[in-house]
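Going by the order they are written in, the chains are A, B, C and D; count residues from 1 in each one.
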Amino acid sequence: MAETISGDAVAQALRRVCAALIEQSDYLTSLDQALGDGDMGITMAKLANGLLEYLETASLDDLGKFLLGAGMAANRAAPSTMGTLTATGLMRAGREVKGKSQLSPQDLAAMFQAADQGMQERGKAKPGDKTIIDALHPAAQAFAAAVQEGASLQEAGQRALAAAREGLEKVTPLRSKVGRASWVGERTQGKVDPGCAMFVLVLETLNEGS
Amino acid sequence: MAETISGDAVAQALRRVCAALIEQSDYLTSLDQALGDGDMGITMAKLANGLLEYLETASLDDLGKFLLGAGMAANRAAPSTMGTLTATGLMRAGREVKGKSQLSPQDLAAMFQAADQGMQERGKAKPGDKTIIDALHPAAQAFAAAVQEGASLQEAGQRALAAAREGLEKVTPLRSKVGRASWVGERTQGKVDPGCAMFVLVLETLNEGS
Amino acid sequence: MKKIINNPADFVPEMLDGLLRAHPDQLSYTEDIHCIVRADAPVEGKVALATGGGSGHLPVFLGYVGKGMLDGCAVGDVFSSPSADQMLAVTKRIHGGKGVVYIYGNYGGDVMNFDMAAEMAEFDDIPVRTVLVRDDVASAPPEEAERRRGVAGMVFAFKVAGAKADLGGSLDEVVEVTERALANIRTMGVALSPCTVPMAGKPTFTIGEDEMEIGMGIHGEPGIKREKLQSADQIAERMTTAILEDLQPQAGDRLAVMVNGLGATPPEELYILYRKVHQMLTDRDLSVHRAYVGEYATSMEMAGASVTLFRLDDELAALLDHPAHTPFFTQV
Amino acid sequence: MKKIINNPADFVPEMLDGLLRAHPDQLSYTEDIHCIVRADAPVEGKVALATGGGSGHLPVFLGYVGKGMLDGCAVGDVFSSPSADQMLAVTKRIHGGKGVVYIYGNYGGDVMNFDMAAEMAEFDDIPVRTVLVRDDVASAPPEEAERRRGVAGMVFAFKVAGAKADLGGSLDEVVEVTERALANIRTMGVALSPCTVPMAGKPTFTIGEDEMEIGMGIHGEPGIKREKLQSADQIAERMTTAILEDLQPQAGDRLAVMVNGLGATPPEELYILYRKVHQMLTDRDLSVHRAYVGEYATSMEMAGASVTLFRLDDELAALLDHPAHTPFFTQV
C-alpha cells in the first residue's frame, strides 16, 4: 500500500518545522554560545521567517522548483553556515523531484540522501567531525533502509529520528573538527553540537505531525 | 632699618614653596576637578619637582639669571596654563633684579609687580575674570604699598596674604570668564578658583617661613 | 557599549547608504545595496577581484574596493556571511572579461556561499578562482594551517592581488601571486574587551577587568589563552614571537609589518606596540620595507590589536608599493 | 578602560619612538623627540607651518606633519601643552626663510606657550604669525566666538594652509587664507563615554549607561547638555542644526563635511551619522564637495563623534583638493 505525500502536506510540514525553529531559537542560541558564536538560534529563526514568507506565494505545482526556491529564499534570509547548509539541502532535495506534484516514500528517501550528500559536499565535513552530518547522515541512511524494507512513513521517520539521536550522542564526547567550534578546541568535548541538536529538533517536529 | 634677602634665602623660600605644592597636590587637583580638567595638582607638583631639580645645580650669584632659569625649568616641567603663568612670573621677576646677588624689600616689591604684570600680559586675563590674577594683583599692590610705607617684610607679607585671600573670596561667587573653567559656565559660580587657591597657598608658605 | 545607531536591523543598510553618499565617485552598487562595486566597474580587460563577508570589520571588507585593490564586495549582516546570490550579483557586475578572483577569509558560511556563487557564475561563463585567507596563527597549529581563520593579513592579500590585476596580470598570475603572498603572511591578535552586535544588544563575550585573551579572533572566537593583562612590550613580544616561529624568516629577510587596531584601541597604543615589534625585528636582522599602523580590520568597538608580518620577495614588495586608492586606503 | 601600554610615564615618548620607526621617510625630530618635523625640513623657500598641543588626539596634531600639510609639531604630554622651548626648537628647525605660521587650537596653555615661543623666535629673526582654531560651536555663543575651543575643524585649517604654502603662498597669503577658512568652519561633538589619561589611571569623567553629553570637548570638557542617549539620526540632527544656525550657509553653497570619530566609535556608526547629515544638507540645497568620514581628531578611547562643516569658495575648494601625504592623511 503505497503512501503519497501531497504538495500541501510538504508545505504544512515545512511550516511546522519553521514554527519549531522560531520557538526553539533561544535554546539553539544557547547551544551555539557554548561552542561557537552564539548566532544559530537567531539565524535559524531568520531562515524560518524567510521560508514562511516564501511559502505564502510559492506554487506547489512543481515540488522540485518549490524546494529550489525554498533553498534560495533560505540562503538569502540566513547565509550562515547552518543556513547555507540547509539551503543546499533543500535545493538538492528539490533536484531529485523536479516536475513532481506528489511524492512517494521512495522520493522522500532519495531527497533525504541527496540533501545529505549535497551538504557533505558543500561543507566538506565528514562523519565524525562533529557537525550536523553526524545526525543527518545516519538518519538519511536509516530512513532509506526503512523505506526499502517497506516500512510505513511513520515507522521510517521514527527510525530516522532514533538514528539521528544516536549520532548526536556518539559525537558529543568528541572534539569539534570543523567550523567555528573547531577553534574552541578541547573545550568542545562533552558539549552537544548545535547543528546535530537542530536536526534532531527538525525530525522530532516532522514525526510529531505525521 | 633696611632688610636684605640673600640668594640662599631666596632658594630656601623656593624650596619651601615647592614642598608645599607637592604636599597639597591632591587638594589642588580636587579644586581643578570641580572647575576645570583636574590636572592642576599634578602639573604644579611636576613644576615643583622641576624647580627642585633646577635648584640643585643653579648658581645664586646672579639672582636675575637664577630666576630666569627657574622660569624656563618650570615651563619645561609643566607647560600647563598655571605652569606657564608661573614660569612667566618667575622670568619677569628675574628681569627686575638682573645682576643682583642680594635683594631689598623694594626689589621684592618690584619683582612681585613685574610678575603680576607679566602674567596679565601673558594670560590676557583681567581682574574679575576669576583667575589667579584676582589674588595676585591685589597682593602685589598691597605688598608694594606696605614696603613703600616702610613696613617690615613680615608685615608686608601678611598684608599681601590678606589681600590675596580677600581677592579669592571676592571672585568665588562669580562665573569663570577665561580658561578651561569658562566652558563650565554657570556651574563655576560659588566654587573657589584653583589658581587663586594655589597662590594663597604660596603666600601662606612664604609667610610661615619668614 | 553604547552605540550611535538607529534601528539595529537597519545598521548595515544605513551604513552602506552613508558610505555611498560619502564616496559617490568611488563606489556604487548593483542589485541591492549589499552588493558594493567600484563606481567604474566593470574595468574591461582587467582581472576582477571580489571579496565579501560579515559587516562590523571596517575597513574590511568593502573599504578596500577601489583603484589598485578590489572591484567588488558582497556585504553580509554584522559578523555573518552575505548570501550566494549577492556574491553572484557582484561577480557578474565586475567581470571585465578576464575572470574573477574571490579573496576572503576562511569562515564556514563565507566559504560555502562563495563556492555556491562560483558554481552559479560558471553557468554565466565567468571563470572564477578562489584564494582563501588563513593568516591567523592562533587559530590552528602549523600542521592544520588550512583550518586557520582569515584576519588582518587579508589586507596585504587584497593589496598584492589588486596591484597585480591593475598591472595587467592574467587570472592565473593574480591567483599565483596572491597565494604566494599568503604563504608569507601571518597574523596574531589580542583582545582586551568584547564588542556588541547591534541586533544581539549584548557583548559577544565577557572578560575580566584585568584580563586579555591572546589569539582571539575578530568575532570574539576564543584564542589560545586567557590571562592577566600584560605590558605593551610583553604583548608585542608574545604575538611577534609566535608569528616568527611560524613564519621562520631568515636574517636579512625583508618584511612588511602591520599593527592593526581592533576598534577601541587608540593609535598611540598601536605605535607603542609597533616600537617593540620593530625592535625585535631589527634585533633579528630583519628589515622593515613598509609599516602599516592603524585600523585595517576591526571588530567594531573591541579593544585590542593584531600584528601581521609579511615576508616579501622583489615582486611582492613592488606590488605592495603600487599605488592604490579606495575610501579607506590611499597609497601613493 | 584597559590600555596597551608600558610605564604610563613613557606613554608619549614611546609612542613617538614607534611613530619615528614606522615612518622614517616622512618624519624626523629635532632637539628632543617631542619636537617632530618633516624628514625633509626645512623646505627652503616655503612658508613653514607648525602646530602643537597635548597628546592623545592622534592623528591630531603630529599626524598631519608631511607633504602638503604641516612642517613640524611640538608634542605635549597627554592633554597638556608642550613647552615654549619645544615650540621654539620646532620653529627654528622648519624655518625655510619665508616665515612660520602657528596653527593650533585655542587652549590656554598652548596659547601662552606659543606666544612665548613666537617672542623668542623674533630674537632669531624668524617672522612668526599665529592663527588660532576656534571651531567648536558648543563651547561659547556666537557673540563670544573668540573663546571657542579648537577641535576637529583644525584639520581643514591644516589642509588649506598646507596647500597654500605648498603652492608658494607668502606668509601673508597663508595667514589670510587660513583665517578665511576658519571663518567658514564649524564643529560640534557628542561624547558617549570618557577616556583615561594614562598617568591619571581613571576616567576623565563619568556618564550614565544611557546618557550622552552634547557639545563635549575633546578632553572631556563639559558640553551643552547631558541627556539620554538618542538615535543616530537625532544626534546627527542636533549637531548639524546647531552648526547650520551658526554658519548660516545659503542654498547653493558648497561644503566640505567631516564626520569624525572620537576613538571607540566604529566607522560603521560614523557612516550612519554621515547619512543623516548628508540628507539634511541635500534637503537645504547645500552640496557636498568632499566628505571625510573617519578618525581625524580623537580623545584616545572616548566613544563619540563630531560633525564639521566647512563652507568653500573656489580657492578654498582648490586648496582642499590639493594632494597631501602624511603618515595619517594621504589625499591624491
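The rule is short, and it goes like this: contacts are C-beta pairs under 8 Å (C-beta built on N, C-alpha and C of every residue); 3 or more make two chains touch, one makes a residue touch a chain.
Note that the structure is a prediction, hence the values are computed from the model and not measured.
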>> Starting at chain B, how many touching-chain steps does it take at least to reach chain C?
In response: 2
> Among the other chains, which touch chain A and chain D together?
Replying inline: C
> At what distance in angstrom does the C-alpha mean of chain B lie from that of chain A?
Replying inline: 80
>> Please tell me the distance, in whole Å, between the geometric centres of chain B and chain D computed from their C-alpha atoms.
In response: 33
>> Distance between chain C and chain D based on Cα centroids, please, to the nearest Å.
In response: 29
> Classify the inter-chain contact topology: is it line, ring, star, complete, or other?
Replying inline: line
> Tell me, which pairs of chains are in touch?
Replying inline: A-C, B-D, C-D
> Can you name the residues of chain A that touch chain C in the complex?
Replying inline: 37-39, 42-43, 72, 75-76, 78-81, 83-85, 88, 122-123, 178-180, 182-185, 187
> Which bits of chain D are touching chain C when the two form their complex?
Replying inline: 1-6, 11, 14-19, 21-23, 55-56, 58-59, 63, 190, 192-193, 209-210, 212, 229, 231-233, 235, 263-275, 278, 291, 293-295, 298, 300-301, 303-305, 323, 325, 328, 330-332
> If you look only at chain D, which of its residues touch chain B in the complex?
Replying inline: 76, 79-86, 107-109, 112-113, 115-116, 139-140, 147, 149, 199-200, 204, 217, 219-222
